[in-house]
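Read from first to last, the chains carry the letters A, B and C; within each, the first residue is number 1.
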Amino acid sequence: MSASVNVVLRVRDLRVAYAGNQAVDLKSLDVGQGEVVGVVGANGAGKSTLVNALAGWSRGAPRVTGEVALGGQRVDGRPTHERIRSGLLLVPEGRLVFGRMNVEDNLSTAFSPLAAPGRKVYTRDEIYELFPRLKERRHHLGSQLSGGERQMLGIGRALMMGPRVLLLDEPSIGLAPKLVQQVLDTMRTLARSGLSILLVEQNVRAALEVVDRLLLLERGRVVLEGPAAQVGNDPRIAQAYLGVATA
Amino acid sequence: MTSQRLQHIALPLVGLGVFVAPAAFGGTGSVYSAAVLIAIFAVMAYGLDVIVSDLGEVSLAHTVFFAVGSYTTAWLSTKAGAGAWVTLGASIAVVLIFAAFIGLVTLRLREFVFSLVTYAVAVVAMSVASNWAFLGGSDGIRGIPMLDLSIAGLPLTARNDGELWPYAFALLAITIYVVDRFRHSRLGAAAIMTHLNPRLATMSGIDPARVRLQVFLVSAPISAAAGWLYAYQRAYVSADVLENYFLILMLTAVVLMGRRQLLGPLAATALVLMQEKFFSLGGYVDKIVLGSVLVLVLAFFPQGLMGLMRPLRRIAQRRAPSQTVITTVENPK
Amino acid sequence: MNLTQQLINGIVLGHAFALVAIGWTLLLGVARLVNFGHGQMYMLGAFVTWWAVVKAGVPYVLAVPIAMAIGALFGLVMQRVMLKATFEQNLVSIMIMTLGFGYVLHGGAALVFGSTGQILDTALSRNDITIGDLWFTWQDAAIVIAAIVVFVGLKWVLDGTRVGRLVRMVAEDPKLAMLAGVNVRRVYYGVFAFEGAAVAFAAGMVAPRTPILTSMGFEEVIMTFVVVVLGGIGSVTGSYVAGVALGLFTALFGALVSPAYTSAAAFLVLIAVLVLRPRGLSAGPAAGAH
């Protein structure tokens, strides 16, 4: 476990089941204050299903059971928009911006919670400082932004909603290496300022650069867990991606 | 494949049972009349069933197809003295023109625009039928002769509902056979694929718009044939064949039992008509009941009444209720 | 035929069409929901207003809000029953359910209000305004004014207020709106209640012009459909323009050709437009994929 004592996100026995098929079966997951936890795994391992379920949303109509607690308070059973307002923020994969609104308006769509301990609510100017590119393009429509700019916008809007935990679903997908680096650097900065991050990534190498702890997901279950330095070179990770079943 | 074998034995038996049912229930005029109407309206509903259950879209124009069958038959038999076979053929031909027109116009439109267009067609048809002197205006066309399908010296006529029943039954049986064949055909498979996953269907070389047009063209004659027989049954046709009642009845017939059940529309039509004929609460209350049934089934029992039976059936087969099967690395299946 | 008189008729009729269609504009544009019970809800609004004024002696100014409240309530009930289907975006079920609701309303209204035609007379409809050769009633003027006020008001709310922005977010992407903390369910309820209140308001204003029957409503749906699609789905300005244009067309067609087939003619115009330009005449802002 990490050195942080303060557990911000606590998940126990999270199960997502589609008609006889267990998409996610997570026994336990803790994310501490300022910790960056990575979830990696091959395609279809259940990573997206996991973070979507944490945000209270699932594609189709599966059975979702388990405990999810944010800052000590249970949020499972509460609808998505309430979890968002409590500070459990998800930046989804792909669906990031309101294409028909410009950058400024997209950022304005973020509702503003009251600031609280452990909950920094970023202002629009702070987002522009963090992502100067967004400031340059602030009058452009969401649909006119590039992939990297959309990612920044998605993260920026989430930050304006005062996250206690930020769930990121494959932020590096489709991005050029330089942009991937930029996203990772941003994450490191945010974590250092106390934000807890759960990062879902297919790109293990990228994830390893920024996470404190890593989980390997295979068919919905955690098959490997530990500090990044320790687990990073574990051959099981490569095997999971190449599809070789572990013993 | 015992369920397949079961179907091959059960279906003819059920058919025989249905055929003798009116006689078994007393064989009176009103029983035969109810039976004939159930058969006719069920056939009308099967036309819609193909579009809603298989293709997954809502066509509100099938009342028009039904009306086209009725009006074509009425007009040709009274004004041109045409025989029953000719009117049947003409009904199908005319309805195909209508269906082709509607289908082509809506070819590239989104689903709900398609539904809206079909709804508008029905409303416009109602106003045209009520006002156009050619179709008899608000009085309609009267004096349709009795059904006479005699060929080559073999007399095949029907003077009343009792004699009409074998023909109604035959039409019903043929319709069910056609629907079954359709579901096992390539077009039927294409329809289902388009319904469930249009993008995947396109990537399998299927053009969803063309499939919709083709299914539309297959479904229209079915409802038109029902209209054809209805004209003979009632002996007159007026704009009230375009009333909303038929639409709501068809839709209820399609969803009440559950989607894509071969005998579903028949069973549902029978239930609704029997309620109306034998347990009626008055015209307006019946409307409220029928509309409510339609809403409640879709809102709370989307799998239809058969969906309620599923858990019971599973218990009967001594299988455990759906359990999450955990297939993981540690527990390969 | 006095051309100017027909133009005035057309303008009044057009504003009436636009007013009747405004609930659909929002419903279709925001929630992607089709309400086939729209015509029957219009009928309900007309009859509640009639009953309140003629049978219960309530002043017209109060009767219309009563009809609106009942309309909004019915809209809420509909949305509550259809909630699951709405979230699953199960359009087939929703369309059929709204048809069922409409049928229930028809039966219920016939039961309560009877099946004979009624005339809703108001102080406004009984008083004419004559300018030279032309005449129209104060009710007609009220319809035009009301339509303009409602349209301007709605546009202002959608573009300039926080609530309007929430609605636009849900219109574009309900899932993303959820992730931005919007209570999408509440927005859907609101939009359906608006549809109920708006169509009832339109009925209260427009019904005095012609006799009302519990079997009515179908032509209103066609006209609404034509207005909304021609104007570009979801476009408030588009619906207004299309409504007035349709009104002028209907008045002229009715005077020049035949009053009985005006809805058929309007429908054919729509078909022509759909064939030539499947997205409607104006590329409306919310004319996106669903």
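Heads up, the rule we're going with is that a contact is a pair of C-beta atoms (placed from the backbone, for glycine too) under 8 Å apart; a residue touches a chain by one contact, two chains touch by 3 or more.
Computed from a prediction, not measured in an experiment: that's the story for all the values here.
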For this session: Identify the chain whose mean C-alpha position lies nearest to the mean of all protein C-alpha atoms shown.
Result: C
Problem set entry | Chain of greatest Cα-centre distance to subunit A | B
Seminar exercise, completed: Per the C-alpha centroid definition, the whole-Å distance linking subunit A and subunit B comes out as 50
Exercise. Using CA atom averages as chain centres, what separation in Å is found between subunit A and subunit C?
Worked result: 44
Exercise. Which integer distance in Å separates the CA centroid of subunit B from that of subunit C?
Worked result: 32
For this session: Could you check subunit B for residues that touch two or more other chains and list them?
Result: none
Seminar exercise, completed: As the complex stands, subunit C meets subunit B at residues 32, 34, 36, 81-82, 84-85, 91-93, 95-97, 99-108, 110-111, 218-219, 221-222, 225-226, 229, 260-261, 263-264, 267, 270-271, 274-275, 278, 290
Seminar exercise, completed: Interface with subunit C, subunit A side, in the complex: residues 55, 57, 61, 79-81, 84-85, 89-90, 92, 95-101, 105, 108-111, 157, 161
Problem set entry | subunit B to subunit C touching residues, read off their complex | 52, 56-58, 60, 105-106, 108-113, 115-117, 119-121, 123-124, 126-128, 131, 244, 247-248, 251, 255, 284-288, 290-295, 298-299, 302
Seminar exercise, completed: As the complex stands, subunit C meets subunit A at residues 88, 165, 168-169, 172-173, 175-185, 285, 288
